[in-house]
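Each of the next two complexes has chain A plus one other chain: chain B in the first, chain C in the second.
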Partner chain A sequence: MDVVLQAIGFVFQWQTLAALAAGTVYGIIIGLLPGLGPSAGMALALPLVIKWDPAMALIFMGSLYKCSTYGGSITAILVNTPGDASNAATVLDGHPMCQQGRGGVALGLSATSAMVGGTIGMICLIFAAPMLAEFALKFGPAEYFLTAMLALSIISAVVQGATIKGLIAAGLGLLLSTVGFDVITGHLRYTFDWTPLEDGVPLIQALVGLFAVTQALVLAESAASISRLARLAGGFWEGVAIYFRHPVVFLRAAAIGLFVGVLPAVGQSSAGLLAWADAKRSSKHPEKFGDGSPEGVLASETATSACMPGDLVCTIALGIPGSLGAAIFLGVMIVFGVAPGPLAFTEKADVIYSLFVALILTSFVIFVIGMTVARRLAVITLLPNDIIVPLILVISLLGSFAIRNEMSDVIISVVFGALGYVMLKGGFTPIPLLLGLVLGEMVETNYHRALLISGGSYTIFHASVISQVLIALTVLSLAGPYLGSYWRTLTQGEK
Partner chain B sequence: MREKFRLTEVWCKIALLFLFSAFYVLALPFPEKSRQFPQLLALVSFALTAIALVLDFTRRSAVQAEFSDVDNTELAVLDGATKRVRRKRYYRAWAIVIVSTGVGILGGFFFSALFLIGGFSVLFGNRENVKRNTLAGAAIMLGVYIVFGKLMGVPLLSGLLW
Partner chain C sequence: MMKTLKVLAAAAAVFLTAPALAADYPSKPVKLIVTAAPGGGEDTEARAIAPFVEKHLGTTIVIENQPGAGGKIAFEKFQKAEPDGYTLITYTFPKSVIIEYQGKTNYRTKDFTPIFAWSRSSQLLVVNAETWKTFGEFLKAAKTKKLSGGLSGRGSTTHLMGLIALDELGIDANWVPYEGSAGSVAALAGKHLDFTICLATSAVSLIQAGKLRPLLLFSDKRDPYMADVPTPKELGYDMSFIPTLRGVEAPPNTPPAIVKVLEDAFRKAAAEPDFIAVAKKRKMVLEPVTSKEFAKAVADVYPRIGKLQNMLKEGK
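Take a look at the complex of A and B:
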């Protein structure tokens, strides 16, 4: 209880509130820009906050991650373009509402959904994560190794619907994590006598390259700006009133969002679509869905907002990211010295609980911003690509440079940008690669530790019940995509 | 068969096969404990890539056979034109990134940023937008100078030349 009170005190300091507000506004802006999801947003911001206090930096990143989803709903409603795949279901009813002259109502609904869905999700996260973390105390090196394998296999399997390609990318990420000093013997590996690589591939520079630089290059390929804004009419507060007239719909949607969020690697896009489908099925007027139904907007947005805290449950307690954004957030946590897992709740309790309190507060800040300046922020989508692209490149590469004031870091980011671009063009997604890079050291260390304990016998990897369950889940996650259409419906569509 | 070798995906996988082989071979001189993990990974990744490559060749043949009687000449022409434009923009973007990185190494990141903004304005902007792009570029540079140069104390003018 003391920790929670301390966390509340920390969050309400003006510096923390400023970081929270900055993360919220920045996240909404990132969310507004189709093509720039939470992954690229966090990659861009990471070098800027690297010298901050870990708790404050994680609050900034957490707010950014949470708000980028909401930002995407604004463009989904106003310009028929979801900022992120998680807002795909909002387009179905949000934009028709806008075309009918009820865009303000739709924006009011999405802002209220972000507040209510986010708050419900965060309250559940605060209770669920420590329980899960306590269970994780039973884990030994073999279980940790298998947990990381499970995370990699799940992300590889669902991230693009091509398991083998995902596994190849994860393998490449794990291999790249072996560059530099070997944690076991201290031997230098794959550095080619280049000093900047001696401590391994720098995570932030790689992240900046894989997401920000790659995304800038993808945007550079097409001319013109991202969108044209639609006419906005209708009252924001009418949307709020409509929202609270449907308590059953938003509670069901929040439950669906939470459940989907807790499932490892099943994305927010699925949460929105499943909640939309559920609301349609249980509605008295299903025929109105897809034609501007407020229930459709509130169900999809509430589920998406409740999903993000669900994502974080496994990410923080077990180190298994619940989604692509959570995978990046996992990397961010490690960069700031907050290793996910049960010990995080004892050794870094102040940071973790400050993050939780701040994320609850963020839900309300989103609501305030959504009800006041959301429309004005949407103007950013009118910026032409020949301005957005150099802006992204300058900020990301300069951020990479600013970490150690070394141009070698810029070179590393550019090389990873090229790698990310080639991977995208070659039909691979860089997310499993990044996860491999993030988890690589943990995987290798626990692999060697487990073998040391067992005297070199591989039986240790299936000796305990937890290990057997983890192996079964890994096999299931790899075989899942071949099980049929239900799996595809559940897992498809992350950006 | 020749058609398949035009696909980026296929070339990407062939390059990966070489990369994984290189990781395996380069690990040979390492001490046993240091090479065990990367070699195991390289072997598994190599095998998976080889399987994916084989699947590419077998699956694509089946799909192409299904669509062999569909006339898509018009679509192919349009697709080709779009691809050429996008490729041109892509090469330009890369040229700007590489040149600006080189300039940054020589003169400091300030010049790198200047080249990035100027390069994209000149090679990607229209003549009608010169004034707008110049203003936007100046605003970005000012922001960079204030946030990074002044507030964060990043040495923006530190390069090999000075």
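Take a look at the complex of A and C:
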């Protein structure tokens, strides 16, 4: 307890608070810019903080890392472009809210979600990290394969509202994910000797295309503005009030976000979507989801914010990073002499607990920034399309170029933009495709790994209790819509 | 007329000769290419040493990340870069050589001009701490049953080292490749694999926590950060190793005078107490490798990796 009190004392010094606020603002800006993620942000900031006191530097980096997903939610809501795959579900309801002139309400929801989700996640991280990490280790290749399959089937079945269309899009995503270097066999597939594809279809570049370029094309069809009303209805505080009227929804979303966040490599991309699907399933008005339902925004953003502390569980407790961002944070911790792992909690307790206290505090700083700055951004939705379309295209394609300084990446984004536009006109949402692309490698490599370990025997896929539960849930989520009204309500929420 | 031409030719000759170029080198910022995304091991090491090199080189170092295709995109651009000392590359050697053997490439690592390498790392054989206590026990088990072993990638240095080791020990294994060592180390900690071969730095936190146990270090001498782990020689095995170096190279045909300036700056930077302190925290084994030694390591590694890649293609 002493150590926690000392940590609180350390964090509430003005220097620490300044580092924390700077990290938060920097993280939000990094999140706002397409193509610049937390990993690049932390690497660029490293020379700046290298001479700082370790605890202070880690607080700066930690708040930067934690806040970058919030920046992504702002662009998801206002211009239909998630900053990262983790904000994809926010697009579903956040952007329709903007079209109805309720952008300010949506921003209020996302800022409150970042505060509440982040705080719940951090509290669980502080008290249950070693336990959660032990649980994550129980997941071997077979369990990872089944988890990814479950996430894909839930999302395809629910996001679209039509299971078959969702599965078609997800299948297309899975097919595209086979492009590039096959990690297990070492072969190059479907690259047509074009080097930029050897790593596979680059994710952020595809995301920029599917969302930003497609959105620019859609907006270019009319001379109006994003908001169909000439003025904004409702504001930031209405969003905050709506948020706290749905305690069950946000608690469930936080639990889902934390749970999938703990599993290395699953979390960030699917947490928001799974929580969105769950909220729709259990809502009294599932038909409003995807059409500007505030519950959709709050479920997706709360899960995404709770996911990040989950992501840090294995990183800090075991020294095993769960995502690229976490891997870089791990590297930063080592540079500052805090070797992550089970011993960190005893050997470097002062630094670790200061970091935890600070990360709880950043959740509130995000809210203050959302309240003072981000809410004003809602006026963007009133700008005429002939100003906003070139802006979206220039900023997003520049972001796509900046990742590897390659013109080929811009081409990839434009191709995905065209694909997204065609899909949209054909009545498909690009989200299952995106998720298929993100999880495809996980599905394929873990399937292959499981069979390598078992020597080709399929029994490995139902050997553990975790696997059996995952199989049952997958079958239920896919077959549910066809089993009559009781099962349909249970799995899809439709009456 | 002839006279004017002669004067012009003489003037051109003065402009075209190299010494003028080397004498005032460096007169502008030097670009250091990192062949991976920001934040990985290569990137953090480059950013750690850069400020110290700036001090001794007397100019700014601009780090540029060029990830993609395991570094192949960066290597191919680098092959054609101007050899004026203003474009350098840093990566984990011999990654570039492995890529050459895996497919068609428009570059040759042996064409690059080695400058200096500052650290060396060795592979480690680790098992779950709840399983075998000694290398002898592990070997006995591996001879009775085909064990599954985690790798940080197919054809990676961990894979090549694993092939050498199994050949010498006379055992066979189911290789399970992961992308990077985080996955293979986690799967070992959860007992989904029997053993893993990885760089010592990747497993150190779980070893200290008592979850994993290192049984063998693939090196000529013990690692100062884990002094109780034996080497093959001590156990009576004769193995050759694939050295893993972190260093910096210049484009093909860089003039020796420029190489000398750069080598001096990097050598002095690697000896700075502040850099050594950072290295200690990251558990890097610092070992200065001069331009000449680096070039020899490059020449030596080609036939060895070639032989192992043929083994890979035969389906081992």
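Keep this in mind: the second predicted complex is superposed on the first by the 270 of 495 C-alpha atoms of A that agree within 3 Å, B and C clash if a C-alpha of one lies under 4 Å from a C-alpha of the other, contacts with A are read in each partner's own complex, and residues count from 1 in each chain.
Everything below uses one rule, namely that a residue touches a chain if its C-beta (ideal position, glycine included) is under 8 Å from a C-beta of that chain, and two chains touch if they have at least 3 such contacts.
Note that the structure is a prediction, hence the values are computed from the model and not measured.
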Could you look at A:426 and tell me whether it touches chain B, chain C, both or neither (first, second, both, neither)? first
After the superposition on A, what does A:391 contact: first (chain B), second (chain C), both or neither? first
Exercise for the section: Figure out whether A:184 sits in contact with chain B (first) or chain C (second), or with both, or with neither. Expected result: both
Quick check for you: in the superposed arrangement, does A:405 touch first (chain B), second (chain C), both or neither? both
A:319 contacts which: chain B (first), chain C (second), both, neither? second
Which partner does A:414 reach: the first (chain B), the second (chain C), both, or neither? first
- prompt: Is A:284 touching the first partner chain B, the second partner chain C, both, or neither of them?
  reply: neither
**Asked** Touching A:447 in the superposition: chain B (first), chain C (second), both, neither?
**Response** first
Chain A positions within both the chain B interface and the chain C interface are 184-185, 405
Chain A partner, complex, touching residues on chain B are 8-9, 11-13, 16, 19-20, 23, 26-27, 30-31, 33-34, 37-38, 41-42, 44-45, 48-49, 51-52, 55, 86, 89-90, 92-94, 97-98, 101, 104-105, 109, 112-113, 116-117, 119-121, 124-125, 129, 133, 136-137, 140, 144, 147-148, 152, 154-155, 158-159
Note: in the complex, chain C contacts chain A through residues 37-41, 43-44, 47-48, 50-51, 64-70, 72-73, 76, 102-104, 146, 148, 153-155, 174-179, 182-183, 185-187, 189-190, 192-193, 204-206, 208-209, 211, 278, 281-283, 312
Chain A contacts chain B in the complex at 48, 51, 164-165, 167-168, 171-172, 174-175, 178, 182, 184-185, 187, 189-190, 213, 216-217, 220-223, 384-387, 389-391, 393-395, 397-398, 401-402, 405, 407, 410-411, 414, 417-418, 422-423, 425-428, 444, 447-448
Within their complex, chain A touches chain C through residues 39-40, 42-44, 46-47, 50, 136-141, 181, 183-186, 188, 193, 195-196, 198-199, 264-265, 314, 318-321, 324, 327-328, 331, 334-337, 339-343, 404-406, 445, 449, 452-453, 455
